[in-house]
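Before I ask anything, here is the structure I am working with.
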Amino acid sequence: MPIDAPAEVIANHALSTDYNVLALAAPAIAAAAAPGQFVMVKAAFGHDPLLRRPFSVFEVLRDDRGTPTGISLLNKRIGVSTDLLYAARPGQRVACLGPLGRSFTVVDPPTEGWMVAGGVGLAPFVALAEALGTRGVASTLFYGARRAEELFYLDVFRRLGVELVLTTEDGSLGERGRVVAPLERRLAARAADRPVMIYACGPEGMLAATATTAARFGRPCQVSVERIMACGLGGCYSCVVPMRHGHGGFHHVRSCIAGPVLPGDQILWE
Amino acid sequence: MPIDAPAEVIANHALSTDYNVLALAAPAIAAAAAPGQFVMVKAAFGHDPLLRRPFSVFEVLRDDRGTPTGISLLNKRIGVSTDLLYAARPGQRVACLGPLGRSFTVVDPPTEGWMVAGGVGLAPFVALAEALGTRGVASTLFYGARRAEELFYLDVFRRLGVELVLTTEDGSLGERGRVVAPLERRLAARAADRPVMIYACGPEGMLAATATTAARFGRPCQVSVERIMACGLGGCYSCVVPMRHGHGGFHHVRSCIAGPVLPGDQILWE
Amino acid sequence: MDLSVRIGSLTLKNPLVAASGCFGYGVEYAEVVDLSSLGGIAVKGLFLAEREGHPAPRIVETPAGMLNAIGLQGIGVHRFIDEKLPELRARKATVIVNICGTTLNEYVELARILSDAEGVDALELNISCPNIKEGGITFGCSLTGTFDVVSAVRKVTRLPVVPKLTPNVTDVASFARAAEEAGADAVALVNTFLAMVIDVETRRPKISNVVGGLSGPAIRPIAVRMVYECRQTVKIPIVGMGGIAEARDALEFIIAGASAVQVGTASFVDPFIWPKLLDGIRDYMRRHQIARIADLVGTIDARARDHEWTSS
Amino acid sequence: MDLSVRIGSLTLKNPLVAASGCFGYGVEYAEVVDLSSLGGIAVKGLFLAEREGHPAPRIVETPAGMLNAIGLQGIGVHRFIDEKLPELRARKATVIVNICGTTLNEYVELARILSDAEGVDALELNISCPNIKEGGITFGCSLTGTFDVVSAVRKVTRLPVVPKLTPNVTDVASFARAAEEAGADAVALVNTFLAMVIDVETRRPKISNVVGGLSGPAIRPIAVRMVYECRQTVKIPIVGMGGIAEARDALEFIIAGASAVQVGTASFVDPFIWPKLLDGIRDYMRRHQIARIADLVGTIDARARDHEWTSS
């Protein structure tokens, strides 16, 4: 059952002029959250902005004894609510409902976990990398952004023993170009290798490319999709994704309850 | 010309669970403000709450050299914007437009200045008391509230040499009852005395009683009325007060530009 | 304290109903809300057949409101009866089924099928959805269409029949009257306002269907006025809605003339809203010494505070 | 960059017009706004005679909007011409006079008087004020009423005639067409939505007139849709308004089909809004390489992103 916490802002670290990490006191949500799940956050009082906004659980925060105390969000400013979350101050409260949605399915060795992140699509992967690490799964993060300064938390992934494959659009760090390119090469190179589960989160085009590439190499792929959501609970049917079924048909599933993590090969990409 | 300042909150002192004094950095407004004028304040971003709210200039704040640096507002929580202003934190900005409206006419000796304040109607009188003091006018503040804890800034008035006549509804300080009673007695007692200008601010009923009483004793009376205002500049015609004219007729004047200070004897009280 | 509300032969245990399209089929909320604690649940609009609705984006936020054009995605009446109704019954929900057709016969057919199903408590006729081209609102925007569909459904069911009116008309009260004359047990209003948001950068509408329906607090003052107008016109109960987000808002509709209210958009923002609304209403009744919520309905004191004045 | 806009024989220097009733007679704002920098000023609605309007409270705030029932307080056309027009002329304002009558003859009379006055640039016919009982909106809610009043005024004036339409109708585009057929040079829309707010503690309406007109950002998506519908229906220019608070909002109306826009409520919140709006529009035109604002009008790309799907 989701919890609605009037979560206090514990800390707000600006990572850049667009990105910040917002730490929220929400022990019950933190204790229940699985990698890939999200929360619905209301950033302001009053009716403008009106609706909550969906955010992946970025980190599960813990006290010295390892007890979950809260969660953090990786926030990217793109509009009114994300602006407010960027400017949030410690002490302030934001309504935070969760954890919601279907999480990533965490694999076991010998299967490897390959994470593919584009920009703010990094958000679910700290938690996933931890879960993979706990199970002893060898993991790789393919992570692309516009430029070096927008590749965040690399040390955290390194500390978790995650192999990093980085790309930037301007070539300022890692390979120049899109993140799907090295993924594809790696898949091609290791076609006959150990089993791999691919996890992807990022812009729709990147997800489609990742899913298609994975399918081409016969690898399973879980993608976390992003849709505009009003309720996050299956009530409004705003967040649908067309999923193939039967003989060329499709149906619309609600990504808030059937997802946000969905099997990449079943999505009817535009 | 009114100034629209994105005024930074310098300090916020809670006086009680309902009242606070909010200090705003707004040098240009502070320099221009006259006693009884008001500012239009927008307490939140976004469109809910939508409109600005009118507030009297409570204090003109000055630096060590006496240069105006800002103003303070005496705020009473009664709804959404006043709640937000009660909770405002230093560093935050509120849009503040002013100074607006017609100020009190400050008299000269030997005329005395009698101020009549009900509750938050105290707001314009710190500034007025200072102005009267500067001119050497002997002044008295008749000040009523619900209870002792809601009689604020008494020391400030004492320091300004203002005689205090206090009333509380529960009798916890000063006379029990409404503030117009001692005013009336004083008027009756001093009917043949020196000239007096009466200034009143507070609930409509108190204003009407003050104006009627003043008129009965043939004393001039300036009242600061409170109307719901959308613009504060004469644009919307929302803030009207019916003023007598001619032969039993009346017309509606806009209290934001013709007031908020109006001659008490010309208002058509309900 | 008596919170119960009568709609035709049906008694709701309290005036709070989940609005159609905003609460799935009810079962989605079973973890979050005690479904039996609600006055009723108006389930998502159902056609005879399954429908996939419009492609995303289906909603866009607007100042104090939102636009939606879901396109009535739904599982169809048969799967609803087989897959959802049993759970709703098991959870003791009061079930109001919102039905949509493209022809009069579809409404009649749906009404027949649902009248035979165990656990349906009332029918809400959606003749006001702005988001589909055929049927629906074409009935709701014509007085004879409204009259015809209500009387046709009336003939085939003993369930309470509650047509849901569109606010996109000049005189909503005349539609309430047509519904009353056709035998409706109550009228529900308002559905959403036809509206549009354009992305100026791409010059494309922000939702796939170009236009959608505006709901949420933004529309509340218009909806309250419409309920008030209908209350002056018809005798049957009114189910009021549009932007209710607090107990005070629900009370506004009740005082304007609604016997029951529905909440849609606000339950997206706060799915735990229901007990808060109920507590707020109870608190109000206590403070105002109102023993029966029915006694509050339509008690607005609407004497204009004054005539118009012309200068003397 | 060409920001000019043509309305009949009149050229506005830019598309930004102060909305009637929200800018007094213009002169109130002379200290705050360079009146000559506006595309135009629609002055407060004028009757032949002076009127005192409704008693306070005349407004109440609502979510992202406000209700008003001023009751058309005003100084009457003669005092306007004597006392305000000269200053407006001196300040080089483009003056659009919003006129109201209780009978068709009053509109005609007003039009005649104003056509003879030096400095009036256009007439906006207020046939849509929801806040007065007689006249006004009774014309605006009837197609023949709209046609009749526009053609009657048309006959007596060479000034551009711009009827202002009410949104409280089922099909606003049909009213735009009636206005066009009657010889209007443009239509302006929307006026406010009839609405109501009740104080639940007293059970009295929050404004003295019981009902009032809703304006502000809350209504914007409905207003944009209506402008879009009218654009599909008439050829004459449209003056769009309803909730514009940012350049982006103004652009939305223009892309939907408005040649000019008016701003009302938002200028209460920010009286210094005008240069900000203009800068925002200029910036947009620069970014999108639009040389003439006229080229942007009605350029919405409104192909529905998809047909409706039914399950396979």
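By written order: A, B, C and D. Residues from 1 in each chain.
Operating definition for what follows: contacts are C-beta pairs under 8 Å (C-beta built on N, C-alpha and C of every residue); 3 or more make two chains touch, one makes a residue touch a chain.
In this text, all values refer to a predicted model and were calculated from it rather than measured experimentally.
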| item | value |
| --- | --- |
| Contact-graph distance - origin chain C, target chain D | 1 |
| Most remote chain, CA-based centroid, reference being chain C | B |
| Chain centre separation in whole Å, for chain D relative to chain A (CA means) | 47 |
| Distance from chain D to chain B - Cα centre to Cα centre, in angstrom | 36 |
| Touching two or more other chains - residues of chain B | 46-49, 250-252 |
| Residues of chain C engaged with two or more neighbouring chains | 52-53, 55, 63-65, 216-218, 309, 311 |
| Pairwise touch network: line, ring, star, complete, or other | complete |
| In the complex with chain B, residue positions of chain D that touch it | 21-24, 28-29, 31-32, 44, 52-53, 55-61, 63-66, 68, 70, 73, 216-218, 245, 265, 267-272 |
| Touching residues (chain side chain A, partner chain D) in the complex | 46-48, 246-252 |
| Complex interface listing, chain C residues touching chain B | 63-64, 217, 309, 311-312 |
| Residues of chain A that touch chain B when the two form their complex | 44-49, 80, 84, 89 |
| Residues on chain C engaged by chain D in the complex (per definition of touch) | 49-55, 62-65, 67, 71, 132-133, 141, 168-170, 193-198, 200, 202-205, 208-211, 214, 216-222, 224-225, 228, 243, 248, 251-252, 255-256, 284, 299-302, 304-306, 308-311 |
